[in-house]
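Here chain A shows up in two complexes: once beside chain B, once beside chain C.
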Partner chain A sequence: MEAQRSDATSRLPDVVQEFASAVVPALRGGDGRFDVVGTVLTPADDPVAVAAVRVLGADVLAPRTLAGRTPTEADLALFEHAVRAFPPKAGGSALSAWSHRGMRAALAAARADGTARAGDGDVPDTAWVAELSWQRMTHQLAQLAALAVPGLAPPLAEAVAARPVDLARGFVRAVRRRDWLQAAGAGRWLAMTPGTPESLGLATGLDFVHHMGGADARVALHVQAAAVLRSRGDGAATPYAGSVRA
Partner chain B sequence: MSVETTLPLATETMADDVEALLNPTEADGTFRDSAECAVLLLAGGKVLLAPPTPRPKG
Partner chain C sequence: MTAPGGGPPGRAREPGPNPRNGSGQGRGNEPGPGAERHGEETPGPPPALLERVSLAALSWLRAHLTDFRLPERVTDPHVDRNTTLKPLGELAQLTLSTLRSSPPGSEQHRLSREMLDFAWRETGRGDLFLSLVRGEPHATYPMELYGAFAEAGLRHAAFEEYARFAVTTRAWQLCEYEPTRALGLFNTLRRMGVATHGSVGLGGTEAAEHAELARRTWLGGLAEPWAFEVHAGYAMTHHVFHVTNWGEAPAQLPADLGEHLARWLPPWLDGCVECEQWDLTGELLAVAACLPEPYARAVPVADAWHAFAGAQNVAGAVAEDGPPPVRETADTFLDCYHSTLVAAFAGVLAADRLRTPASAPAGTGAGTPAGTGGGGDPGHAPAPAPVRHRAAAAPTGAGPHAPHVTTTAPGGGRP
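What follows is the complex of A and B.
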């Protein structure tokens, strides 16, 4: 049993990369459907696949919530399994709670008309966005970059919108530290946050991040998501289709 | 005689692994700004260019 657990632990990061690699092309465009389960080699009934989906969170359905593409039933079933199998722990971190809430919101959107909507249940804490140092805030937000989808986490997006300059500083700091995943996540939030400084040169910065860190599929995913967000207009939280439901 | 289980590892045993990936700590790193780099370069250059310690005679 310990050997099995050790094997699963060691495989998880690679399976996360595998699933992220399947999502990125679906964000770039193409025909209507995307098929994550049909693309990856790890079978959907492998517990490591379920865990990987939980780690990626709402981003497994980003082609639906950001680009309007239709997920397969197999993808939705696996996603739903991950939501049920890995609930946030009582007394756990706000990151875990937000990540799970984002997944529930993305699932609801995917099963309906695709418009991202706020999740059900209690809203996790957002006070930390205002209270943390800009360095720590950026690091934490980067872990929740999958929620940088208009309408998916309105309270969190609203909190982020109060500190665009600090987030921009955090983006630059992450680039200087060569923390490409943090930089990509921060950049994705900036792509949908009003008040992002023009002087930052976000588009060029994200191109640089992709050039340096794009071998990491999660970096590529965030950069591509940011490109989708920028192409939708003005960096404000504009719903993809129709109005955002409360 | 123990029987090795062939059942798939339950997802609940991976909860800690998932939480660890959802809540990573920021990697430590040293970062020097340009001014500090310039000072280090000048100080290092002075050391390299300094004359060697005289050898004792005899």
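What follows is the complex of A and C.
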């Protein structure tokens, strides 16, 4: 049993990469459907697959929420399984609560037929966005980059929109530290946040992050998501038609 | 001699994505231009900290004054200028700045005066410059070094006679330097009241040329802030020092650059602090103190100042990078003199900005070559005590014989 567990743990990063790699091309547009389960080798009933979906969170359905493509039933089933298998802990962190909420919102959006629906349950805390130092705030937000989808987490996006300069500073810091995943996550938030300073050179910066860190599929995913967001125009947090509010 | 102001080679240690969130950690608000929030905490460092840092730094330098002495045959071509003339030139420029910006009667003021006078005596009251140009008549660095002394009212007539001739040659003005050092040459000419390219009068043409030159730099062209690294960092700091005449005229920095720096200095500082690159940290802090209003007061630098102060040892020394020396060795002077000079410079400038009421806001930064901060007696006082002056609107009409010449001394970076 223990050997199984440690084996699963050691496989998790690779399986996360595998799933992220399946999502990235689906964000680039193309034909109507996407199929993560069908693309990866790891079977959907493998517990590590469920865990990997939990790690990537709402992003497993980003081809739907960001790029308007249709998920397969198998993808939805696996996603639902992950939501159930890793419920939010009572007294858990705001980060964890937001991550869960994002998953439920993404699932609702994917299952819905394009109509918005208010998320259920209490809205997790966003005060930390205003209160943390710009370094800490960026670090935390980058871990919630899967929620950088217009309409998916409006209270969070609103809190972020109050500090674009600080988040931009966090992006610069992450790049300097060669923390490509943090940089990509921060850059993705900036891509949908009005007030992001022009002088940052966000588009070029994200290209740079992709050159340096794109071997990590999670980095590539955030960079691609940011490209989609920027193509919507001016980083404005325009809710995606058919999105569901978290 | 290599670029005065080239900055130390440094060990360019890259910060890493480790969980250390040291500097600037914790809850805090970040007020400032471009920032959207108003915090209860001030972005600047406590005055007492600045006082302590600058006084300790100047004291250490005073205690090591003999290490700045020039070797016997310093003008010989084989003598390395970077370990001899350059440190002395930096001492002169930075103690001129600290003299100018520290309150008269303060210990910092007294130490600055003493060290500036020492530096002048080391040059044989300027004889050195004449010797240098006899050997190297087309070099620019003698004029660059001389500028700080001249600005302090310490003059050598025979050298100036040659210098005024030399700087009007096409060759001198076409000397090929990277843009930031070219800005330094511009300041040198400005200090001497000499027009560029032999054109008549000062004003429009020079201003446009200067602005054009300034835009063709890493800072002036607004390079992406995430591309900051050590080489670019030192180019940027010296751009600011040359354009503001080492903090004497903050309003000469264009407002858009002031805003740009106020916005991006915090992550640059964060990175330098994390890597313990104290020399560059200190220069960035000095840059913050050179910004035009309202940016100098608004840029959040408190955390970086606290970290920087922590890098200074009890004797006042700051190492170029890493922890300060516990025990002084023969290497200590070269390892520490530059960063310690920078600590004094940044500390005095920052304290001065805190004391000074909001002065003229940033101009267009056309870099009017007629000179900034023309305050002070036009027929300068016989006792060479430079008058402290803030950047006033540049009076045009200062001609080639402007008594109040100001020159930028090469002052950046240890050899």
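Keep in mind that, in the parts below, the second predicted complex is superposed on the first by the 236 of 246 C-alpha atoms of A that agree within 3 Å, B and C clash if a C-alpha of one lies under 4 Å from a C-alpha of the other, contacts with A are read in each partner's own complex, and residues count from 1 in each chain.
Here is the rule we use: a contact is a pair of C-beta atoms (placed from the backbone, for glycine too) under 8 Å apart; a residue touches a chain by one contact, two chains touch by 3 or more.
Predicted model, so just to flag it, every value in this text is computed and none were measured.
When the shared chain is aligned, chain B and chain C each come close enough to touch A:177. When both complexes are overlaid on chain A, the residue A:133 reaches chain C alone and has no touch with chain B. With both structures placed on the common chain, the touch criterion links A:85 to chain B but leaves chain C unconnected.
By the touch criterion defined above, A:211 lies against neither chain B nor chain C after alignment on the C-alpha atoms of chain A. Of the two partner chains, chain C is the only one that A:166 touches; chain B does not reach it.
Of the two partner chains placed by superposition, only chain C is touched by A:195; chain B is not. Taken together, the two structures place residues 139, 176-179, 182 of chain A in contact with chain B in one case and with chain C in the other. Contact residues of chain A toward chain C in the complex are 130-136, 139, 162-166, 168-179, 181-183, 195, 197, 199-201, 204-205, 208. Residues of chain C that touch chain A in their complex: 14-17, 21, 23-28, 30, 34-37, 222, 224-228, 260, 263-264, 266-268, 270-271, 274.
Of all residues in chain A, only 1, 4-5, 8-9, 12-13, 16, 45-48, 50-51, 54-55, 57, 85-86, 89, 92-93, 95-96, 99, 139, 143, 176-179, 182 touch chain B in the complex they form. Considering their complex, residues 5, 8-15, 17-19, 21-24, 26-27, 29, 31 of chain B touch chain A.
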